[in-house]
């Protein structure tokens, strides 16, 4: 597998994430300017690999691309070629079509493939690597939960957006003495909630890693009232859970002028708190997809660029089956086998949680 | 009532709105610097008027206040002194306590009251005016639906925020070929949806003033697909309604990892569209309180300042029972009797709807 | 000239201005979707008209264009085809080559030309109109000084940027008790300085329309000191002038570690003030081209769209030799003959200057 | 000096920097909530220490402070108590008054002093430490050049602002085929220029650490022209220097309508380039104080908070004479003796410069 590299390919898989285009640009520019590689991009993630659907990537393709959200190679969330839905004999079945992908790459003379994605996408990348494909992975996730790397791109843009939302909700909370809840992304890891919570002066932060006791939340709200603070700001990660696991389902008044929104931990918490705290209004805002899109923040533009250039260097050095990583300030790499299955979680005894507690933030634990 | 004015009071009522503090600042500075008035502010809207709960407003009180969201006088949503909930003989009843408010103002030597608020707050203001209190109203609402004035403050900040949200959702829609719905404020009037929709390149805008036919929405989505645009952006005002009035309630999967959010027209529309359009994902983001808070935009800082100064000039001229207005570029005023009950609605045959249609926006009518 | 319109052309001339691309998009979409016109765009302003250098404009050309600063048709500042520099017999001379431009348009079957530009560009447009070319003008200038229209596009983005700069300079001024000067664009008209000054809480606003007395500035600074405000924020339009016309030129210390910047009224004022006021530092920031570029603000996206659609409607109606205008909230039009030479200036007795004075702003007059 | 800590003090010295208030807030909250310390803040940096001018810092004092630029303790640039200008016998002399400061702290029962500042401020801090005062330093500088710590607060906000400025200048450059120069802060170290240059897609980055050859700049501009890119973006640190040290001073046309701005490396470079490159316009924007002020970015809010909490922990642990540091992701500390005199410079052979070169950025070396 150490034949001379002439053509490399990229694909972007999984959810949208600020920094995808910046990475595509860095890989393309670095490959062309430094090593004379030819560069193509498969479209719609692995689906493009299966359908042999790709486009040429030139210096022109990536002009003006650095700040832009989205990905010029599009993406798809659900395409695992090792377990892919195809039509066979009139029926939809799932089968392993990865060999077709490998054949396609051979056919197009692709010597190496840079896979930019999160957990699911990089798991497939590792599987392709095991089949002998020359793979370099680049870590992408809003949640920052990928293992081996301290920071994935997209994460800092997401906490910028969440912090800005908290700034906005704070003034409303103060004027109307409300309890405002912001639900942010973070299925398993609460990094977005933790860092935006600190940056956004939240009073309570609820993480998946620290199951919460609703009574602690109520205590904190009451304590603030006694101190003369008649409002409270709560940030909750979408994967946060109550300690006792019970969910108090609120009544839906579907056709009323102000229907109660159900679903998701933020909305449920809002409903539960309104049942307990009678003299304050509780409102929940779900940031959702706003965290994924739009312009890429400065930090992510730089990180994506560092990752993209490093990925091409790894190709040059023949170090395949790896993923570029950030450790402290150093760009390095780790074997994909070490990355997959070793997702990061917030260390509840770590420095960030500790300093948050030291400035008075409550985690309701 | 044309005795010499020595002391004036302000209050801010109703929902939070960027520009409240800017208005307080303009009234206070103008009153002190130009006419030597003494200025006080009642806290928590009319509740403060009832409880005689007020604070002094000096030049120092309003330093650094111009850009800030929220209101240093706080606010409350539900206090109509003409139908106020009080405890009498151990029971909670509703009664007219407006005379107490009038007495309080007399007791504190308040010669004129500036009321900054929306529909409900200004209705009470008109009622106090009918009782002989010297009232000047200032029009505040995110929705921009107050009559007599072309633009209320807070509106332009809201459309800035909504437009920025659309910019963010667009990149995600493009990458993943999704249908993204943004639900914005606007119970009865669709100004926010209309203007942010135009500024945010929306493909479909749904207004309360134009009941929509879901089939027209589906047609537009399909038409875009044929043209090679595999994504669609929809802005929907919270008060928009389907033509046939029927609501298809989606199944709640309360404990699944990805619960379907119910409630509100945006969420319902998302669920309905997902049932019809099988090959594209549909996501809804509800902007909610993000539209009300945080820094005030440039336009609203200037408009609030113009309104505040004009309100004090009207006091000086003894023109009570009025509300300051913006007509075109002119600051003027109208009688509160003309304002109340004459809320604005988007003119579906007006220029803005027409130009939107001319650049290809669909209103699903 | 009332033959059937089949093909229309656009050009963008003069300085960069947020909203150019939005206008191009609105003209193109409206022309194609509503009237089936063919659309081309001349590149580099009038230079493209002379060189017959143009590109096709289709719906695809203008996708994603609405928020973008700059112009996909490029521009040039200096090309007046009525007095154009050409090489003739080895010498550079200036001559009228407008007939060549007219011929080019005839050759390409251009039935109407939309000219998007400011003073200089629209003067040529009026001249072409006098020659019988079907012209529609669209008013563009950061300064907002074009006659006949209340607001040009680009202006509101510029005041947003200037206001944000003032927000930033204010914290520094407060911490270090400095006098901070922000120089903004506005050669003859001080609209940017006036409106950003109001929105940015400036203490002193200096406009070209109101020659300033430096002693009034010093008085204001001292008065603020007495009131306990040890900092002062000054906004000055680049075309502002001292009453006595004298300019005190500061000593250049060219190779010192902190050279004094000379040039432009802001820098000169800073140097002059530092000579007079010994116990406070004075710093000047020149916003320059930052006001012209980058994303277009919400207001300008909408205004440019309204202008673009209206321009195409005017073509349809055969109302040539006109420029689209905004009067109050109405989109209308005026004859180019009325526009040229009737630039707007800030009315020093108008409402905006008056309200600024009423909240304590000093104009040093 | 290991007596029980009861009262601690803070001061903020040197230039304005986003994050000062965030640090004050973190120190105050952490000290009060965790250790019951009493907290005071000296005003105007060391001047307050000399004049015994201080204020109490309570939880109320620091409410709403996290995002705010500036410092509620004010600051001063020039007050070195070891060489302080005082009036003695009618004459202004300089003398060491540090003992007075030490006496003042003893008198007020100050057990430890947290000094938040840059190079100069922390040098004095080290000197006070040598005299036996209990000192903890917190590293503040826009330039990020302080030794021992990877990142000072304020730096990331500065590169955000510079990157946004580059985004704005880029559209103008593209429309008008100009060469746009942005001069950013960085007297000795070019970190701001380097990182904003990468994030802002600059074509040329000029650092103090890499003396530039103007011919390399011209080559790059011409090369871009040949590639069809008729514009160029240059970021230059204020301390950058030409290789040959010569400065071509441009002619000042002081009273012309468009005076050439002299002073500072950016302006000089613009003038020099305009003399060499005849067919493109060159414009320089000096960001100046815009980089220091206004809201603190998310990253800096978190870093300042971590620093502030860590400083109080060091007091608790009695580890005086130190400065909190960030190494990679770890908060740690280093002896002030190691910090002073060991300022960081950009490593011209380091990874960031290398990756910039790999994506085509020119350093004109």
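A few remarks follow.
In order of appearance the chains are A, B, C and D, and numbering begins at 1 in each one.
Definition applied: a contact is a pair of C-beta atoms (placed from the backbone, for glycine too) under 8 Å apart; a residue touches a chain by one contact, two chains touch by 3 or more.
Chain by chain, the UniProt names read as follows: A, B, C, D = ATP-dependent 6-phosphofructokinase.
What you see is a predicted model; the values in this text were computed from it and never measured.
Listing every chain that touches chain B and chain D alike gives A, C. Between chain B and chain C, the centres computed from C-alpha atoms are 32 Å apart. Chain geometry summary: the mean Cα position of chain A and that of chain C are 41 Å apart.
Touching two or more other chains at once are residues 167 of chain C.
Contact between chains, using the touch rule, shows up for A-B, A-D, B-C, C-D. Residues 25-26, 29-30, 33-34, 59, 64, 66-67, 150, 156, 159-160, 163, 167, 195-196, 198-199, 201, 227, 297-299, 301-302, 305-306, 309-310, 312, 327-331, 351-352, 355, 358-360 of chain D touch chain A in their complex. Across the complex, chain C meets chain D through its residues 12, 15-16, 20, 68-71, 74-77, 161, 164-165, 167-172, 174-177, 180, 187, 247, 249, 252, 254-255, 257, 259-264, 267, 281, 283, 285-290, 292-295.
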